[in-house]
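Next up: the structures, one after another.
Look for chain A in each of the two complexes below; its partner is chain B in the first and chain C in the second.
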Partner chain A sequence: MSKRVGIVAVAQNAGAESKDNFYDQAYRVTKEVLDKAGLTRDDVETIISASSDIYHGGISCANAYYWETTGAFMKNGSRQDGESLFALFYGAMRIMTGRYDTALVIGLCKGSENPPNDTCTLMYSDPFYLRNVGLTETMAAAFQMRAYMEKYGITEEQCAKVAVKNLGNALGNPYAHRKGRYTVEEVLQSPRISDPLTELQCAPQSEGMVAALLASEEKAKKLSRKPVWIKGFGSSIDAYDIGDRDLLDGQLKNAAARAYRMAGIKEPAKEIDLAEISEPYAFQELMWCEDLGLCRAGEAGKLIDSGKTERTGELPVNPSGGVLANNPYVSRGLQRAVEAYLQITGQAGERQVEKKVKTALAHGTHGFAGQCHAVAILGL
Partner chain B sequence: MTKEYKTIKTELRLPYELAYGATWTRFFEGMKEKKIYGTKCPKCGRVLVPARSFCPRCFVDMGEWIEVSQEGKLVAWCYTNYRYFGMPTEPPFIGAQINLDGTDVNFLHLIGGFDLSNFDEVRKIVKNGMKVRAEWKDDRNAHIMDIRYFKPL
Partner chain C sequence: MGRPVAIIGVGQTYHGKRMDVSYPELVREAVMAVFKDTGLSPEDIDGVVSGTMPSMMEGIALTHFYLADAMQSAGKPIMKTETCGSTGVSIAHTAYYWVASGLADLILAVGHEKMNEGDSQATMTTVAEPFYQRYFISGAPGVFSMQSQMWSVRYGISEEKVRDAAAFISVTHHEDAFDNPYAHIKMKVSMDDVKNARIITYPVRLLDVCPNSDGACAVIFASEEMVKKLNRKPAWVKAVGYRGDEYFFGDSDKAVWESAAQAAKEAYNQAGIKNPRKELDVAEVYNPFTFQEMLFYECFGFCGPGEAPDLVLKGTFTRNGELACDPSGGTLCTNPIGATGLIRVAEAALQVTGRAGAHQIPGAKLALAHAMGGVDQFNGIMILGSKL
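Right, the complex of A and B next:
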């Protein structure tokens, strides 16, 4: 990248159910990120929002709720449907063209108002075939989990440990929706909703307006004493039908390779200090760690056993509590980047890791069993 | 569920009418005749089921139609024990991916035909790799659920 793009300010709201309406929440988060950057609405040159019609079908089309609240009207605003980390990429790309010096990126979702997640994810299924067999994201994840455990001898206990770690980490995160000290037994004994998945291994349904203010290198240095640079990003998408895919050989490896190449990362396990990974289902944190090259294939069970990915470990993974603790669906990938930013700048409060974080990874995923993946590398 | 603050309950009911298209029309009509159709890619030779009009990998038109086997191998399953809007049948039920003999992709359907009420018993019966066979309903409507489920052999 000839010209760098920096994140200069972030804002998010709490994930638990709120009596505020969507409109006010979106406005307040936008206002907060502008105030933190010392900008007015007029100073922001372009805006990319991320949301999904399936997750706000009850309110109206995007136009009714986004363009005033995010300050985008009368500007070059655009909306991206699906995983919000892509909106970060698009915002960065707009700045990289040289036409803009500032961009607001915002993910919008108010999960508490929606039908249950799986009512929404059933709508991912085509109406002719898969939907009539009842395929939801949870069913696809359960297929993937059993296959993963059988292939590598990963145990249910090792998968449950991810939930124990992340829900425990969330105790330090005021924005997290679900949190608590649980034991592996409690996680495994929670309702077995879609065996082998138990309820505490599945992400909740959370609220999340999540914003990041991006700026060109020159502008970022003016707006912030410590801008965090977007060093690399990449994505990859798999075939739609899970029957056409190898659920254990997905596209995250490709997405990561693209991001690593752009960021100049050769040995991710050594060069990445911290990872915020989207794990709507506990075992997926293990699978994604392998695909990201943070450990070798089949070895993430050992990785979680070692304690290395704890908040106090050598390579903290999801010190925020991750998606298991807070799942504002569409906004969750961008929220990983926001958390990575807070860790790099030392603003993560009680959830701040002990080690120094110079380079962090943020990951987002969308679709059945990780059909689509996006990876961003952020750093000083 | 009533919330403590003022809310409005709203619901979307938007009627759409979607074309099956030639390939899926033929596939689903096959269900009526207790036949499962796939199509074969002239380039990579893979047999895809349900039938497709093109091979997504090779990006060429599919070739011959093949009536595929009604037996296959279980490759993935989950025991679903909660209710959700649009569920295919009352829980508990077993969603499954089945690799039908002679095909190169996995077919999504249900496993059944035995007592599903006790999960520990189910775990003793259902194993990835086991052979299963399609059981058809008597009343068929050119619909994927004309197959009641796949039953362990």
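Right, the complex of A and C next:
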């Protein structure tokens, strides 16, 4: 690989609805990440943002709106749509060419100014066949959950345990939107949203300006005593029509295989110390753990039962509370990487895991039942 | 810097009002064309970059989902690049960086828009800031008309001369489009036709404005090893430049358009170009409005500030002129927005590889491709050359 790319600083804002406007939120996070790295706007060479027009308060060409707010005035920049981990990848690619030494990547999504998430995801449906049926991300997830439980004998209780764990973990995360001590019964008895999914098993709609400052190897060593290296990344997109897809054999395996190959990871279950996984629906954390190779197919029910993925467990998954606790739709993937960075550098505060984290995985997904996945491996 | 990258093939749809195909079918047409052009098949591709203008132009959000099969991207790594009107060039930049970084050898870039499925001006209205600006600068023509006025007043160019030069641009581009099999608008236009056309927003008249087109463009970017292995005639990426202005129209000077000038400067520095008018053989300038095209000539250093109208009228920028600008007929004759910038890149690639057919500029070796976006906010450039 041509060049190593490091993360030298991160910043994020709180996920609960804020009365601060978009510009204030975006500016503060941008300023914070620059301050942490000891840089000014002039020092940043390129800026890659992630946002989606559909999640942008009714304003099209989202990046036009916040361009200078993120420090990009008169800079070479670009923008990724839908998945903020793409922005991380693109920033890394730009540095890997040797053309840039610093790149700011930032995901921007102000959930409180958007219609309900599923009003937006309905617009992924093609207008002729699926939209009339009302197919949304939640409905697609419900199909997937049913199929998953039936195929592997995973129980609703096991799925609900993910919500119990993550919303509990979120108590230690000042940025999390939804948090609390819940029981499995409470999760299962919360209102049914789309059978078998209940409300506490579906992610909320949150605010999220999430930034990471990337630097080339030499520069990263100058800017940080403990840069976290982007060791590998990969993505994969599935076919469009939900009936054309096997919802239990999706693209995450491909995305993960690409990231693992680049990072030289052969046995993910052993080599990865911690995973921040995008689980907009509780059961998906279980499915994604399997697809990521953190356990075998169909065995994630046992995995959650064993307590191994608890914050205090051997392989903590979503010690931040994950997407169930905080869901700034477009920014959620990059937020996973930011949380992984905080854990690796020991800056995660109350949510810091007990074990030592050398290598962590960050995952993002968007689309129906995981139509698109992105995986990043970060490490020392 | 980074590994050398070249374009090894391009595919375009027959742009126009394509009610015969669905949006995915339109995209498939361009993607299949680039596979036919290169002899490659979807299995050979390492990753796909997709992009459009506001996704909501066609009423579908995050179009990389909907078009995944048409782009032959299922099972592949994907990027989704969107930067308003400059999307097409930004897609090309993404594909370039992907290969230059060493992470991929063959990247397929796809730009697409089916504008006749929606209302482009209504969509563009939603780009403007909703509280202060949307009421008076909604849509494209208003902004670009104000800009032309600002520019002609700044340099004291007479109304008559500007009008004549803009009409001349319309006449020559409409003529050029006849030689481009993929162009949308093909009509004979006289100076009088342009000057008497229906007014849109003063001074812009109907024939000064691009159409709403349905179209897609697919381009394959390759590493040097792949160029050799596949034995393709390459169009080498010599430079990439991009700059963005402030969002609020009125916060920055649009007569001396800094983002356009700086993006070009960045690209010229990389390509070692000192005198663009002499050194470039072709420029595919993003020209949805005739008046604005002249501003770009000046921002890109093809001539001094305020000089463009005289040179236009002398024929400096026609197909037989000193620097051929938009020999394809340009954006003025074909504008499927998310694809348009990539079409500029594709046309530049065809020119430097001698494959542009009836609108080939003889001996073209160095070409500039450009796209502009936002409310007069973004400018992106890619320079392609026949030699590494």
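Please note the rule applied: the second predicted complex is superposed on the first by the 373 of 380 C-alpha atoms of A that agree within 3 Å, B and C clash if a C-alpha of one lies under 4 Å from a C-alpha of the other, contacts with A are read in each partner's own complex, and residues count from 1 in each chain.
Methods note: a residue touches a chain if its C-beta (ideal position, glycine included) is under 8 Å from a C-beta of that chain, and two chains touch if they have at least 3 such contacts.
Note that the structure is predicted; figures quoted are calculated from it, not measured.
Of the two partner chains placed by the overlay, only chain C lies in contact with A:His366; chain B stays clear of it. Residue contacts after overlaying the shared chain place A:Gly58 against chain B and chain C alike. When the two complexes are overlaid on their common chain A, residue A:Trp67 makes contact with chain C while staying clear of chain B. Set side by side, chain B and chain C differ in how many residues of chain A they touch, and the one touching more is C.
Of the two partner chains, both chain B and chain C are touched by A:Pro127. Once chain A of one complex is fitted onto chain A of the other, the partner contacts of A:Trp288 are absent, as it touches neither chain B nor chain C.
In the superposition on chain A, A:Lys75 contacts chain C only, with no contact to chain B. Of the two partner chains placed by the overlay, only chain C lies in contact with A:Thr97; chain B stays clear of it.
By the document's definition of touching, neither partner reaches A:Tyr182: not chain B, not chain C. In the superposition on chain A, contact of A:Ala239 is made with both chain B and chain C. Comparing the two complexes, residues 58-59, 127, 239, 241, 244 of chain A contact chain B in one case and chain C in the other. Within the complex formed with chain A, the residues of chain C that make contact are 1-3, 24, 48, 51, 53-56, 59-62, 64-69, 73-84, 90, 93-94, 97-98, 100-103, 123-124, 126-127, 129-130, 241-247, 258-259, 262-263, 266, 373-375, 377-378. Within the complex formed with chain A, the chain B residues making contact are 3-5, 10-12, 18, 20, 24, 28, 48, 50, 56, 75-82, 84-89, 93, 95, 97, 105-110, 119, 123, 128, 143-145. Those residues of chain A that touch chain C in the complex are listed here as 1-2, 52-54, 58-61, 63-68, 72-83, 86, 89-90, 92-94, 96-99, 120, 123-124, 126-127, 234-241, 244, 251, 254-255, 258, 262, 366-368, 371-372. Touching chain B in their complex are the following residues of chain A: 19, 57-59, 115-116, 118-119, 122, 127-136, 138-139, 142-144, 146-147, 150, 191-197, 239, 241-244, 247.
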